[in-house]
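By written order: A, B, C and D. Residues from 1 in each chain.
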Amino acid sequence: MEELKNKVRELLKAGTVQAVIGYRAGSDEKTARVAFVRQPDEADGLILDPRCTDNLAVYLLKPEVKLLGKLAIVARPTTARTILQLASENQLADGQVIVLGVSADGKAVVELASFEALEKFVGQVPAGLTEEEKVLLAKIEGMSREERWAFWQSEFARCIKCYACRAACPMCYCSRCIVESNQPQWIPVSPHDEGNLEWHLVRAMHLAGRCLNCGFCAKACPMGIPLNLLTQRLAEEAKAAFGAVAGGSATGEYALSMFKADDKEGFIR
Amino acid sequence: MARIGVFVCHCGENIAGTVDCPKVVESMMHIPGVVHAVDYKYMCSDPGQRMVRDAIREHKLTGVVVAACSPRMHEPTFRRACAEAGLNPFLCEISNIREHCSWVHEKSEATTQKAIDLVRVMVEKVKRNRELQPISVPVTKTALVLGGGIAGIQAALDIANCGHKVVLVEREPSIGGHMAQLSETFPTLDCSQCIMTPRMVEVAQNENITLYTYSELESLDGFIGNFKAKIRMKARSVDMNLCTGCGSCYQKCPQKKIPSEFNTGLGTRTAIYTPFLQAVPNKPVIDRDNCLYFKKGVCKLCEKVCPTKAIKYDQQDEIVEVDVGAVVVATGYNVLNTGFFPEYGYGKYKDVITGLQFERLASASGPTSGEIRRPSDGKVPETVVFVACSGSRDPAKGLPYCSKVCCMYTAKHAMLYKHKMHEGKAYIFYMDIRAGGKMYEEFVRRAVEEDGVNYVRGRVSRIYEEDGQLVVKGADTLLGGMPLEIKADLVVLATAMVASPGAEELAQKLHVSYDAYKFISEAHPKLRPVETNTAGVFVAGACQAPKDIPETVAQASGAASKVLQLFSKPELMREPVVAVVNRTAPPLFSTCVGCFLCEKACPYQAIGREEIKARDGKVLKVVAKVNAGLCQGCGTCVALCRSKSIDLQGFTNEQIFAEIMAL
Amino acid sequence: MENDNKATGAFEPKLVAFVCNWCTYVGADLAGTSRLKYASNVRVIRLPCTGRIDFMLILKAFAQGMDGVIVSGCHPGDCHYTVGNYHARRRWILFRSLLDFAGIDVRRVHFAWVSAAEGAKWADLVNKVSGEVRELGPYKEYQGLAGKGIA
Amino acid sequence: MAETRLIRKDALTKLFEKTRQSGRRILAPKAKGEQAFFEEVTSFGEVCLDHVQTRSSAKEAVFPKCEALLRYKFGDKGAVSYDEKPFEPPVTVVFGTRPCDARSLAALRAVFNWDTPDKFYLEREARTTIISVSCTKADSDCFCTSVGGGPGDTAGSDILLTPVSDKEYLAEILTEKGQAIVALAPELFATAGGAQKEPHLAKVAVQFDVNELAKTIPVTFNDEKVWQEQSLACLGCGTCAYVCPTCACFDIQDEANRQGGVRLRCWDSCGFSLFTLHTSGHNPRHVQSQRWRQRVMHKFSYYLERQGMLGCVGCGRCSRACPVDMNLVEHLKELALHGRNG
């Protein structure tokens, strides 16, 4: 922890960066929240513990945050992968952000100034679903189709279309989301059942091959819809079908921008 | 507010026979925005087109839907008619109620309802059509001709003689193709090489033609007028610039027992070789699979004897890239693998040969210098049996199609044999005689009447050997299926013509379609016989379907004229079905967020990047930009774009969405 | 699209086909030229390439009351645009898996390669899909979404 | 009017039955995961009153997230015919609201009955009965007492139940609508005797002086820095507005197909950047700090000016639901301090 604070102080003192995005204590003992550290002494307030799960990469593209100057960011492996994925989608340039990579156990902190270093860093941490997540997915997959439909309908029925899932997702950076495209109006704006189903399917498809499974969308959902299951399912499919895993490199190929001549196609007549 | 006119064609009885056309018209009048709807017997006729033109003027139409046959038939017709009446042609759409409706369903209410639905869908689309302007693209006036047989040679010469550059690519070490292998040609019996070799030389001497032999197409990118071809020049192991073609090398080469491809395995060649004496270019290649040096690391005799030090063992394959505006595919054919009919004993009995092998036997330049001697013992055969349709017209075991040339060349073979061996007996087993062609029927009659060739109508069931003697077992159907056994000294199988090896891969490289037999598909079986479904790629000769020399030459000249037509103007007008990236009010400028995932997916590398700058030159945003010249309008980017910032003219999101909503 | 069989009152499925311009559309033309007969349930929407077929179109078709959807284009290797169908295929693989996971009946979404030469395959495809969807009955689940959740 | 009775907890099952038999639908908190949401229930057994606060507010009953304002059909040539059916929203009992939620109705009504009476809102409200349950516990996000409410506040409720023992609720029957519910099963309501609700109520500390805040907040209006700092973490999602019991902003959408369409009113949020976006591309509130300021100013300043009441009932939902832990009270205190210091 001291290591992190020292690094942050150093970076700010040297003027290498103007702000560091990290975590600080939140409203209660169970919560951590984002910190934008701009003075070396503010580094004292930084924390790094199991509460710190938000994918802070979402702030790297926020215009107001960009105005702070050059940024450093405290990144667990998932956030680091997010940064690489954003890089592969031309949203971040090499050297634009200094990443303070936190090892999976949350102890070691390494300064990663280039994408190459970041790639090595994430390469050491296996990506993919946890056993717990796999069990939950398998549970839904194990349902009959009618049960799955009923399950998701009951979940989606609560959706209020606040788009917190979109706001929290670092990969949802479109300057105009498809739901706001009204010529034509692809997805009904209204939070009725049809509009909700279409929104959640489209959101998931748009993240297919791009989702880093940080879980911020589900955490952000005020209605408790487990919508990260959808993107997890697609991530699993993309991995199984194409060997595609998002966030491995800054020049990574997007699973849907490429193909193999022998991609499986058992379902096509 | 849209003012749409709907024109429903009866197509005689073709549509009106199953679809209630007046009812279609009536239902259109209830759709908002439709101000005029009418049906007519033949909308594509002059009076029909006039109805469209008049209605555009009279009703101030902003869009036209013609409900008729497939847009592939008359979309250009009606778009032209609209343009003549002052309506942008891209405001006209065709609703296909013939091929997709009246021809495939019985007369019923449901069929009429389907027609109504299809037209309504198109009405909703056309309401959202925009005026578009054709895109002009520059044309590279160089043609790529693939295949150096008679088709390729003819096309190359025709194009080159009109002053355009041609790149001619041939897979073998020499041009000439199958025609160079033939002895005499039907129906004139003039010597094939006598008419072929001068044309080959003409190619070599034509300064507009760049010849790449022993080369193959590696890839073709781009689009009509602007292709980029990569050609793999296989390592010849001989420096073409240094070699004078003196022939010392192959005279000294110790590897002399290699079956000659040119002589269809009936003669031999050396490891360093030219396929035949009149080869163009007349410079050898080393067959590395058979060369002692390449196999065992010793020999190098050819290097020693070469007076110009032209032998280069370390030569590598080389890729050359050429910019071309058009491609003529003339890659020819192959003869059917005789493994198809083991009962004929090909491969088992040396004296059962193919028609092409007979050509070499009969050819003055062949392994027997034109004397017809059988392969097994060199004896001049006294009885020769020819088996027509070996594989052709045999859906059960062989191929369902007719190879078209076998009837004629079999007659020719029998005649050539009889001319050289007057006492010999020639039998031809045939199914039907197909001699449709100028002087063809007369030619066959001559074989029967003047040369005494015995035609037996029936199939051969088996060829076997009995006491060292070939026996052909068949039946004569004209004699009530009487079984027939003929003792033969030589049997010639008129094997079917099939696509040349690698035809499928080539078609895929060229992005042209091909049929079930890997013959390249023409764009239209009647009206566009030398075009393919890829603009700028034309087809000539037997790679399209089996055909004889006159037809091949005619088609090659046809393809050449299509190329010349393309080259006749500095620019080519293309349909504006291309993708565009949107523009919005500042500060957004475009909803494109610059992820460039479309850039990676575009099959044509048509998507680039554009900086949007403020007045002071500061870059505000980098967004995708479509190069309209490169874009072919597939729309893959559109489906990929999450924010729908890129759209495809002619098939916009708004249009397709409206079509679905109109279902 | 009004397609209920008025005479018998039996259920007739409503189908839409999104097809590419160069293979399946021409294949369907060929079925016509060959006067093959097939079920009249399907309405064809022509797009340049399967690569252009947005997955949204499939959702919108169901929302519009379709009981089944056909998506068809050139065989692998035959794409007029070289690789549009390969891109489409990847999209379908993921989208289909998502639909299934969300409980949407993937037996109502049919993907097929139909070449310009396969008029008979097209006719057969339409007949088969019509038959299969007829067996499944109207897509009540999806159609039932309309208006649901509006107070 | 107010009458006080006692009702046994186990009698609520019967009351629910009677209520439903009378044709009323009942909305009540139902547990889902770690949260509770207002949903339609068929029996008291489904109700969960264990949570300090439901995630979503009860405004859904009077101001649904998606509400049809108008339905129409297309005829020949697109001619429009309107569905003339009278507006008849369901007769509803909302059970288990907290006093803060009950109080929020006044704030909503102030908006919907302001310049032009909104028949949809007013009709729904007229047909809705609120049976609240006093708070016996609170959490750190609760601040009703800072904005004029309280854990046993009766404002806005038709009946207020306060648990006075494990088995009994003290029932304050506050309005005619409340009486009507009692009348469905008067035998369930016993005389109150001497039961008092105050000892059972949660203790909610006052966190700031709302009157002072009303004066100091406008001072900070032009202090861009403070708004920027406060909103730096804001992701611009609409969650705070959507869970807020008093947020009344809505968007109107027409959804139509070939046959006809419906005009819908859906919730909206001033936190969205598109909320104020003009067609020209100009956005008067073009940065998140301005949008955050709007939200705070609206609730604590503009509402007071225009409606004579606060636009906040202190339920704390926005703080609880915010995905990035933006805490309203914390920010309000900071603003008050800032304003005080000029």
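Keep this in mind: contacts are C-beta pairs under 8 Å (C-beta built on N, C-alpha and C of every residue); 3 or more make two chains touch, one makes a residue touch a chain.
Quantities reported herein were computed from a predicted structural model and do not represent experimental measurements.
A.B. asks: What are the two chains with the top count of C-beta contact pairs?
C.D. replies: B-C
A.B. asks: So which chain is farthest from chain C, going by the mean of the CA atoms in each chain?
C.D. replies: Most remote chain from chain C, centroid-wise, comes out as D.
A.B. asks: Hey, which chain is the most central one here, using CA centres?
C.D. replies: C
A.B. asks: For chain C and chain D, let me know how many angstrom lie between their CA-based centres, rounded off.
C.D. replies: Each chain's C-alpha centroid was found; their separation is 46 Å.
A.B. asks: Between chain A and chain B, what is the gap in Å from one C-alpha centre to the other?
C.D. replies: Computed from C-alpha means, the inter-chain centre distance equals 50 Å.
A.B. asks: Based only on mean CA positions, could you tell me how far chain A sits from chain C in angstrom?
C.D. replies: 34
A.B. asks: Measure off the straight-line distance from the CA centroid of chain B to the CA centroid of chain C, and report it in whole Å.
C.D. replies: Result: the chain centres lie 31 Å from each other.
A.B. asks: Return the residues of chain A touching two or more other chains; collapse runs of consecutive numbers into ranges.
C.D. replies: Where chain A meets two or more other chains at a single residue, that happens at 186, 190-192, 195, 256-258.
A.B. asks: Counting only residues that touch at least 2 other chains, which ones in chain D make the list?
C.D. replies: Residues 65-66, 257, 264 of chain D each touch two or more of the other chains.
A.B. asks: Could you list which residues of chain C touch at least two other chains?
C.D. replies: Counting only residues that touch two or more other chains, chain C contributes 55, 60, 64, 77, 83, 87, 91, 147, 149-150.
A.B. asks: Linking chains that touch, what shape results: line, ring, star, complete or other?
C.D. replies: Graph shape here is complete: every pair of chains touches.
A.B. asks: Along chain D, where are the residues that touch chain A in the complex?
C.D. replies: 32-35, 37, 55-56, 65-66, 140-141, 228, 231-233, 235-239, 241-243, 251, 253, 255, 264, 266-267, 269, 272, 274, 287-289, 319, 321, 323-327, 330
A.B. asks: What residues of chain A sit close enough to touch chain C in their complex?
C.D. replies: Its residues touching chain C are 140-141, 145-153, 157, 186, 190-198, 200-202, 204-205, 208-209, 229-230, 233-234, 237-238, 241-242, 255-261, 263-265, 267-269.
A.B. asks: Going by the contact rule at the top, pick out the chain A residues touching chain D in the complex.
C.D. replies: 26-28, 31-34, 36, 54, 58-59, 62-65, 158, 160-164, 166-168, 180, 185, 188-192, 195, 216, 219-220, 222-224
A.B. asks: Spell out the residues on chain C that touch chain B in their complex, using ranges where they run on.
C.D. replies: It comes out as residues 1-3, 5-7, 12, 14, 16, 22-23, 25-26, 28-33, 35-38, 40, 43-49, 51-55, 57, 60-61, 64-66, 74, 77-84, 87-88, 91, 115-117, 123.
A.B. asks: Across the complex, what residues on chain B touch chain A?
C.D. replies: My answer: residues 584, 588, 591-598, 600-601, 622, 640, 642-645, 653-654, 657-658.
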